[in-house]
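As structure tokens, here come the structures.
After this come two complexes, each holding chain A, first together with chain B and then together with chain C.
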Partner chain A sequence: MPSSNPAHPPAEAPAPSSDPPKLTGPELKKAKQAEKAARRAQAVLEKGQPPPAAPRTSTAQNAEGGKAAKGQQQRRVSNAAAPIKNMPIRSQKAQPVVEEPAVEDKTVEVYRHLRKPRTTGLAGANKDVHSAVLALGLQMSDYTICGSSARLVATLQAFKKVIQSYTTPPGNTLTRHFTSHVLSPQIEYLSSCRPLSISMGNAIRWLKLEISKVDIDTPDHEAKNGLCDAIDNFIRERVTLAGRVIAGSAAEKIRHGDVILTFAKSSVVQRALVQAHESGKRFSVISVDDRPLHEGKHLKDALINLGMDVTYCPSAAMSESMKRATKVLLGAHAMMSNGRLYSRAGTAKVGMEANTANVPVLVLCETIKFTERAVLDSIPHNEIPPADELALFGGATENWRDIKGLQLCDPLYDVTPADFIQMIVTESGRVPPTSVPVLHRLGNESQV
Partner chain B sequence: MGHQDPSSSSPSQSHPSSSTDSPSSIVKTYHRLLTEDPELTMPVAAIEALILLLSEVSAETVYETLDLVKTQSDYLKSQIPNAISLSAGTDLFQRYLLSSLNPRNTSGTFESVRQHLVNNGRLFASRAKAGRDRIAMYGRHIVPEGSVVMTHGGSRVVGALLSKVAEESASGEIVSFRVIYVMNDARSSESKAVVASLRAKGVPVATIPEGAVGYAMGKVDLVMVGAEGVVENGGIISRLGTYQIGLLAKAAEKPFYVAAESHKFVRLYPLDQFDLGFDQEVINFTTNSGSEPDKTPTKGSEKHDYFSTAALSHAKPAVDAVDYTPPGCVTALITESGVLTPGAVSEELINVWW
Partner chain C sequence: MPYLDTFLKALKTRPLEWSIENLISGLKRRQIRTTMSCVIATAELLIVVIARSKMRSAEELLIEIQEVGQRLIEAKEMVVGNIVRRFLRMIRDEADEDRNDDVRDSNFAASYAVTKGTPLQNSLFDLFSASNPPQPTDTGRSSPQDQSNINADAEALQAEAVDAGQEILDEVKQSESNIAGYAPEHILPNETILTHCHNRIVQRFLLKAAEKSKFSVIVIESHPNELNGSDDVDAAAFLKSLADAGLTVISTTDGGSWAMMPKVDRVVLAARAVGSNGGCLVSVGGPSVAGVAKFHGKPVIVLCGVHMISSADQIELESMIEHGSPESIVGNTGGLPPNHDVETILQQYLPPHRINLYITNLGGYAPSYLYRLVSDQYSSKDSNPRL
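Then we have the complex of A and B:
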């Protein structure tokens, strides 16, 4: 790792210097160029500027080091003179860097590939991004709009506004212009605020297809209205009605005297519980919740307001509660095609506890959340929010960046093995985890 | 379940002009069909009864027909204490009607579809029987030479399968596999009939009581059972006692095969034993020491007796009771469309119902 240890390059230096210099014409030219580059680098350093963006030294140094190293180390055999001249400069530079504690990489290694800076403000947003999408992006990045279904609906509503405010430029057609020039910047901006959910990905794929199906001779307003209607229908069919069907189907499975355990908050699970309650069934709910989002609080409050019997418990204390539970109802962020459930971090633990206690686990999930992707664990695909979100203000981790050797690990999702899941309740029926690819094919790909 | 709205059911029940189709007639037809043909399974009998009903009444519109079939199916289901197997047939038939009466799918008129159905009423039954033969064909690959097969209950499919294997593998007098048959006291005459027929084919059969299943499991190479219904997740609804055999087979790592026709696939998804949609009264807590249920002798080996006495089943629980064997215990299902993993059942059902 060149970034974490800048003291290495000087150690390597003697090796190339011992090689005898045999210079040919082009090589001489290269050497001169390298020398120039090195001098420039030195000039920059002498101004006393520390590398910009101290926490992200890996990228900063790679870029800088790359520039200098390109000329030297790759052709080390030929232009031995240049490195010798250059190396002392580099070691001079290394001195102040070593003293800076900020060089320490605070990201957890297994998740490093997922860490992305998040857009949390309007600065730097593409000028083509519609105001409704700008607002939505901010709401997503601070979790005001949170949850796969809510984000999906909000995104489609915002896209409707984008479509409505769009006029096809002269000499273009909506079919060919809109997706690439208007829709893409919106999507790009949204995904920079928070990675797109699986359901959003499915919906965007559908929307692009709808747009491509618009006849190029259709008048603008007609095409736009048609697309907006299609979006409304999509939301109604795939989210609203689907949610209602799932809630009804799951509520049927709740029996008198049941103890339903649920984790965090899912809108469909909430609806199922409410529906079962309203149909006169008497049962109690254990709401298991966890940091940092504490979504279960909202569920607990909503259920208590209806007069239901709720136990609110942190996930650390779940194993006792699990003994009382008769069914576990879970929401989903996505269902993977190998039957695994991708959901809020902590769900896998609930699944495991339920499996150990022999309590059936029901996943409530619209087919729009199904994906063809197959994952084995939560490492290749996940979302890592900025670590500061996890830090407890006023707690021991408040100044965690200053604590040497401390890293905060906070993936938003985890993956629950299919073996822990007894049933997936979808709007197309109740299916075992093995049927996810079939429903995905029929529901999400038949239209594509 | 389904329609509880009396307004929707009363007009269609009262509608047909003739008096032959009073609500009870479908039940009578159903029982008659089962009596006449002991080879008939419950779902097929239900389908045939519905077709006979269609031929007798004069429903003139698609909606009328569908409504009639639905109310009659629901009535039939309500009259049978354990309607799981039956509902597989009625649901399939309704689904078939829906798709074939859909004007977009059919080239003919409503009347021609109806005529076609009525004329080919026996087709379902003959296909079902052909299906059983095909399942028996697969048995050869499932039951290796020299193996010991454990089975129980009076499943016709398993009977046909084992007979077929016996016929094919017989070299001279000796059949190359043996059977351990788990006897159920409450249904001993049925069990004896199966055992006798297997022995007649030269298959060495050992009979053991249900309590000896765990003891015998070590000698068993594979377990083969039938099913009343195959549920959506690939689990099965079968004669009480199947679940425990499945659990013991799983504990002993023995393969557990289910032989069942695909018309037994039913849209039901139980989570546990008590989620079957009807009460079985297998477990009765009491402090009255004299009320131990006596082992009621069975009423003969024929299937229809099961139903004619079914109305009294509250008095003698556990005889006709079923249990649910979860898909985790099932190695594979042998159906006429191939040997399926439990997960494939759901796919098949989705393909039918989508």
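Then we have the complex of A and C:
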């Protein structure tokens, strides 16, 4: 990768001066790809997560023709080598690709407006997409990087690399050229891998504004360093420090003997629990989650390793566990301006049962996740992952595609009514749901 | 139901005591699992108990049934107790009928009228008369003629009781198709029906409705599948049968129920056991789904045979709840650390305020009416948890 070393090579060969031989365009591309593939493989090994998915929807892949098919084969080979439990089914899915006549619409009518083919490979990616972004896109599409905050940070880090490897072409300025010609394809690619999170949307809006503020007379390297510093600051302030403040604030609310119920896995909730535990409070945790992501299992394992008392509870039995819970801590994907919580599907039901059982619900949410959007239910705005993911995780519906009239649908998010939420813990304080639009204006729009 | 088949075959040939022990162990080990097969096995066994009884009076027969019933009930299967109580009530009725016939024969009091479903005993007098059945006014009962009369009466009662027992059995066997028969009344074309798990009665109910109209079914697939109720059919078979009937079937997760509920018209669940307060036991997750439906103002229908309705209250129902194995939830549990617990409950109590309608084989009833069905079915003399 080109370093941040301010080099001024001609635009045709943007190789950094530190590289000894000058490479031609195609060679450079090849080298980049090889490097990226290696990095990906390493990331996969480190994480122990499923590697970039084999094709899930055949219809989406058909359109991309021979090139896509080749990509699939390559990936399948690499998958076979990796000892991943979920892979066999996925690769089986890939086989009927060719002969499928694609007559029956398998998408659920209610969510048909959200249908969007998902990019699960490198094939068809815009050539301007930076390798770091390509890798990130794949990690997002297979949920290796899954949470809203994690995706936000990873995206900004990748954009930093994009900025660092950028050189303004002659006759242009960074301010005018970068956003439209370089940043846009990156964003487009990321959103084709998985719809952007609300926090990513907020951050991208902020970044574009920062870029537009750069004086056109600033030398390239200075502008780039300035932007990178700004990104670092942004991450530190809006995510790292915010998370720390929220965790501390929520940990204060945890008392001796509490039974904390939490749904799925939120990094801030986890930090709050750990912090309360480390401050010597004795309490137990009920970790609830649901198919297909089973995020609660990761949380449960992490907390058990710290010696905390944890009960793992599948989503169906949640109302049973609620009977002995004393507080509910929830993470958020986003807070809507009408005070509703937009979070992992199943959260609303937790809120409802908590409300029925008179257990207070605390939402832990950084203000970067606040949005001006207002929603009433989970249908107009949601994310529908490819249906095969639902069949994949041990369902009885492995060959569901063969059954006419059968559809699988697994909305990723749902909307919890504000009535179920007693308190939102943010870095700007503990507020009721009605204060969301105010904090959004103070926190997000004042910067913009 | 292979266990049921072998049990029924052995019932005809083996000694009675062997069959009783066999059924008890089958119930305890959950080898005989579905409500329907529990009911059939119990009813068949009780019919054999009556048929082979050497009793001389209705009272003796009642005691015999009570003894067998008590042993079966200890195997913790709610519906078994219901059937035993149905039989007890039936024998009481038959005995009363005989006695009333006698009374009528003697003093021509033709006021007795039994109609199905109306409780027989209405006065304090009955409480006493039932406990000492044959002609309490008789003083000289040692004459051989009386003796043969009693024997003849007993035989007649025995035959009537076997017939009536067979009727109960037939009613139970037909209950599923009777319940399904109400489906077209409740499901209209182009509606969206949501159900939880893959219950057999729900399957029959929806398939019956599918003969009349086409609609969509959203099936909440509870995780993990092994946790589903014992009355469930295989998930894939359930989905396929509905799809093959021309319905649009959408399978989703527990988490999806909230997101989908605004588009749902009705929720259909199936009960495992029903209490007289209108609450019931359903597969784990069912109460939450019903709660979501209630929040969205969607009606919740619970299907159950009347043989599942008992005089139990919430506490008795909750004592029947089973727990499964944590292995199906967290995988291999060989090395679970001591600070790690897993919630493995299999059924949950669904309170009556989350239910709008029960559909039984006798028709649709509001939860608040179920106590009447209980008093119709069982005698108040048998209402103790222990017989």
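Quick note on the criterion: the second predicted complex is superposed on the first by the 342 of 448 C-alpha atoms of A that agree within 3 Å, B and C clash if a C-alpha of one lies under 4 Å from a C-alpha of the other, contacts with A are read in each partner's own complex, and residues count from 1 in each chain.
Everything that follows uses one rule, which is that contacts are C-beta pairs under 8 Å (C-beta built on N, C-alpha and C of every residue); 3 or more make two chains touch, one makes a residue touch a chain.
Source: prediction; values computed, not measured.
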Three-chain arrangement built on chain A, chain B and chain C clash or fit: fit
First (chain B), second (chain C), both or neither touched by A:Arg324: neither
Partner chain in contact with A:Val431 - chain B first, chain C second, else both or neither: first
Partner chain in contact with A:Arg282 - chain B first, chain C second, else both or neither: neither
Between chain B and chain C, more extensive residue contact with chain A: C
Which of chain B and chain C A:Lys253 touches, first, second, both or neither: first
Chain B versus chain C as contact partner of A:Pro360, first or second or both or neither: first
Partner chain(s) touched by A:Arg344 [first = chain B, second = chain C, both, neither]: second
Touching partner for A:Met423 - first (chain B), second (chain C), both, neither: first
Partner chain in contact with A:Met308 - chain B first, chain C second, else both or neither: second
After superposition on chain A, the shortest CA separation from chain B to chain C (Å): 18
Residues of chain A that lie at the interface with chain B and also at the interface with chain C: none
In the complex, chain A residues that touch chain C: 108-110, 286, 290-292, 297, 300, 304, 307-321, 344-349, 352-353, 356, 377-379, 382, 390, 394-398, 400, 403-411, 413-415
Chain B partner contacts - residues on chain A that touch it in the complex: 253, 327, 360, 362, 422-423, 428-432, 434-435, 438-439, 442
Touching residues (chain side chain B, partner chain A) in the complex: 232-234, 267, 269, 271-272, 275, 327, 341-344, 346-347, 349-350, 353-354
Residues on chain C engaged by chain A in the complex (per definition of touch): 221-225, 227, 234-236, 239-240, 242-244, 246-260, 262-263, 283-285, 287-288, 291-292, 295, 329-330, 337, 339-345, 348
